[in-house]
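Across the two complexes that follow, chain A remains constant while its partner is chain B and subsequently chain C.
Right after this comes the complex of A and B.
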């Protein structure tokens, strides 16, 4: 294998595809019409490989790799959908649903939620783990937006969009492991933070954790598609 | 030897409840209680949630009357926001509420009560259900299903979903009405009129055969409460509360939602999770009162629509003052369905109904707010307190069933004394005791459940708790 070669050829789901050096498996798969489920990944933001929904199998390796951050190499053989992967993805979704308080029926994002859609796509009818039912607060101090930590899946899209696109870096993650929680400024109420009120974090949030106060009663679709265009316009300047 | 008869669960009700009848040593009925056996906790888990989430959260209380909760809750939120919603939004909500009243009353009358009324209190319990009605009186069965569909379809057209529509929000509604939907509703009206006229005619034909039931089905003097307009016409969505006594004298009038808690107290009895509402001025239990269709027709002087107006005049002939027997709830329910259909037609005739201004926006401008509406079963009040950020710190809901609770218990006792003789109960007698509760159409769990899934277990207990007899229906 020669890393200097710009074009790599590989196999994804028994389909021979070509890719440019440095591309991720997810990018190449999507270019070729192969869908891999994702949650924390979003076009226009850096990838962090946090949610593990995009895990894929690589021939010759027992280790599952997140397709959003794993780059391709010559001769790679990737399987994006197998019984084993389906099982792991369902497990991940069950863990997410059990971790906090996701009550779809009364959520502003009901019908527009990426977590809910993934659950439906993966045939998630039950959560076999005991629900943790954590006592988490709602921060409604912002004049326009609310954060409900009960519905947060810690994808960090808000953190990345605020730092990478808006350039404000108001959002960050406090704590470790199960105690992790997204915060504004140095854990100040959102309304008292240096937030620029642009609303990008609300638009990229995959669930109902961040929402617009004027949008209630499950009428809150989100439109994160603006990110690649923003990036494109900036690069053009 | 004293004995206890238990009816658990009571069937053809919305939710789960049971009845116990206490017999004394002579086998006579000493006391009877209607128990609501589950606790839901909505007031508690609302705490900490943003107030603007309340309508959709509170609508989940009930799958039959989510619209009433949506409206009372949205109105409480609007008090917190200090806004008056656009006129078109108010009219659209009124139509949604009427559509729900029509479908809920159709459910109560045709699905839950009509098996007793059309097939007979003593008829075979195995066939005493809506399918039995459809088999015996197909045209009436069809009318009932048609009326339910009429109401549900309007809710779906307006709110996108038949149950728990997210369309009603603090400040108004999320989307204006489209002309095509208005026309679709207008096209459904002729069939709805035909169905309710058929039902009214059929009810009036059989009502006389229930003379004994009318006499003992919660037939007593009580106070009544309902919303009413300034012109003394019936009202379901806005207006103010009026309370009358058993002779029709006005006890309280012009009570808006924020005055409700000064007027009404809630007592607790150890045998039920449902509270017992009473007028503070008269105390408990003397200040107990009835709400719902019977109360509304007793209080309203006019319906404001031509066909229902005639029916109201006929209804008022049933008694010299307020109509006292709860059996007449059934009749009142049918008149209200007719009113609902007429009123929906009137609302749709307004050219402004298609106006695009249907929502007001505002933040927290008051730290407390209350809202009220008439649910199909009676007056409903939502009362919230919020912090500066609009998070709920306290919530109190007073629902219709709590306000009818004392009357239901008195009614059960009255019917049990009449029908349970010498410590013996017949199937028909116990069905009548249940049927007293059904006249009120109470919403116990406020949730829909599958038809015919619950067995009825009748247990006869001796004074020391031994099971003397047990019948499973």
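Right after this comes the complex of A and C.
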């Protein structure tokens, strides 16, 4: 159990795998073709463990760990898809759907939405919790983009891509708990902020919360795949 | 064997789910071999019958009348199917929830009325404060999401329900489909 050893061997879903020191459970699982569902995590951005979709079980511990931030150790035994985890993941999705006003049928991301897809993958046919119906606003002050807080899941991908990749840090989170909301600058309208108009936040947004005004109907697929390449090119320089 | 008694109900929805049922086209003939439609917006029966085998309910519960209807339907139905996103999530009708019924009525009948602005209060049922899915009022046996569920989804679902074959709904449809 020497932490200085560079290569760790562990078990994920009864499969023996090896990993480099410091790798996350999620990275190692994906390298070995084991799929763990994620929502806030995105290849190319830092991980925050916010959404809890990637929770996994570790043998010998009664705590569930988010696979996107939990690092591997020698002899670790990970279960990624037990009945208990599936139940929690469904609960999380239902909480997300009940928290804000997600109306798939009228959303620009209908058919391209990560929340909607996760719901379907987890067998969600209805939400057992009462809907909160919060009164949230839509900011269309930007000349190219709109933010609809009704559809936001607070994954903070927009905050991270703007700060870490674009380097502008226009996006941030205001408030605590259920009152949390993403803001531009110091809660100024997006159109009046120091936004560089790069559009990366729109591309990484998993739902229809951030969208391009030129898109109509449900014709708004997003393309976040550029991020790892951007990082690779920067590291190469 | 006698035919199954099928009811279809239209609460606060756009009738799109019913249109989608009709989109089964010639497959409706095969469905009609095993079910009798005993109550529906497309048949002339005024009162909900006593012993219905399967009820397909479109629309959310938005008024006191919807609430009365869904409770009666539940009491007289063996298998209650929430049909489409309005019945299951509230969907488009529920978009008024953060605003409230009074503001909506004012906008529709007072602010935008060019002649005799007045809010209708006779005959039409009173709106509930919030539009809610039917499972918040009564037990629902099957949830069939979609806006609307496709004709293929209806065909697969009705065939399975009529014959008792297991039904994998997430493989067929989803919210917003």
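Basically, the second predicted complex is superposed on the first by the 237 of 237 C-alpha atoms of A that agree within 3 Å, B and C clash if a C-alpha of one lies under 4 Å from a C-alpha of the other, contacts with A are read in each partner's own complex, and residues count from 1 in each chain.
We take it that contacts are C-beta pairs under 8 Å (C-beta built on N, C-alpha and C of every residue); 3 or more make two chains touch, one makes a residue touch a chain.
Everything numeric in this text was worked out from a predicted model, so none of it was measured.
Asks: Touch test for A:106: chain B only (first), chain C only (second), both, or neither?
Replies: both
Asks: Which partner does A:60 reach: the first (chain B), the second (chain C), both, or neither?
Replies: Neither: A:60 stays clear of chain B and chain C.
Asks: State whether A:214 touches chain B only (first), chain C only (second), both chains, or neither.
Replies: first
Asks: Could you say whether A:131 touches chain B, chain C, both of them, or neither, answering first, second, both or neither?
Replies: Only chain C is touched by A:131; chain B is not.
Asks: Would you mind checking which one, chain B or chain C, touches more residues on chain A?
Replies: Touching more residues of chain A than the other partner does is C.
Asks: Go through the superposed model and pick first if A:123 touches only chain B, second if only chain C, both, or neither.
Replies: In the superposition, A:123 touches chain C alone.
Asks: Who does A:146 touch here: chain B (first), chain C (second), both, or neither?
Replies: Touch partner of A:146: chain B, not chain C.
Asks: Overlap of the chain B and chain C footprints on chain A, residue-wise?
Replies: On chain A, the residues that contact chain B in one structure and chain C in the other are 105-106, 110, 218.
Asks: Would you mind writing out the residues of chain B in touch with chain A in their complex?
Replies: 48-50, 52-53, 55-57, 60, 164, 166-170, 174, 361, 363, 389-391
Asks: Over in the complex, which chain A residues touch chain C? Could you list them?
Replies: Checking each residue of chain A against chain C gives 97, 101-107, 110-111, 116, 119-121, 123-128, 130-131, 133-136, 218.
Asks: Hey, which residues of chain A end up touching chain B in the complex?
Replies: 105-106, 108, 110, 137-141, 143, 146, 148, 191, 213-214, 216-219
Asks: What does chain C use to touch chain A in their complex?
Replies: Of all residues in chain C, those touching chain A are 82, 85, 88-92, 94-95, 97-99, 130, 132-133, 135-136, 140, 143-145, 147, 169-170, 174-176.
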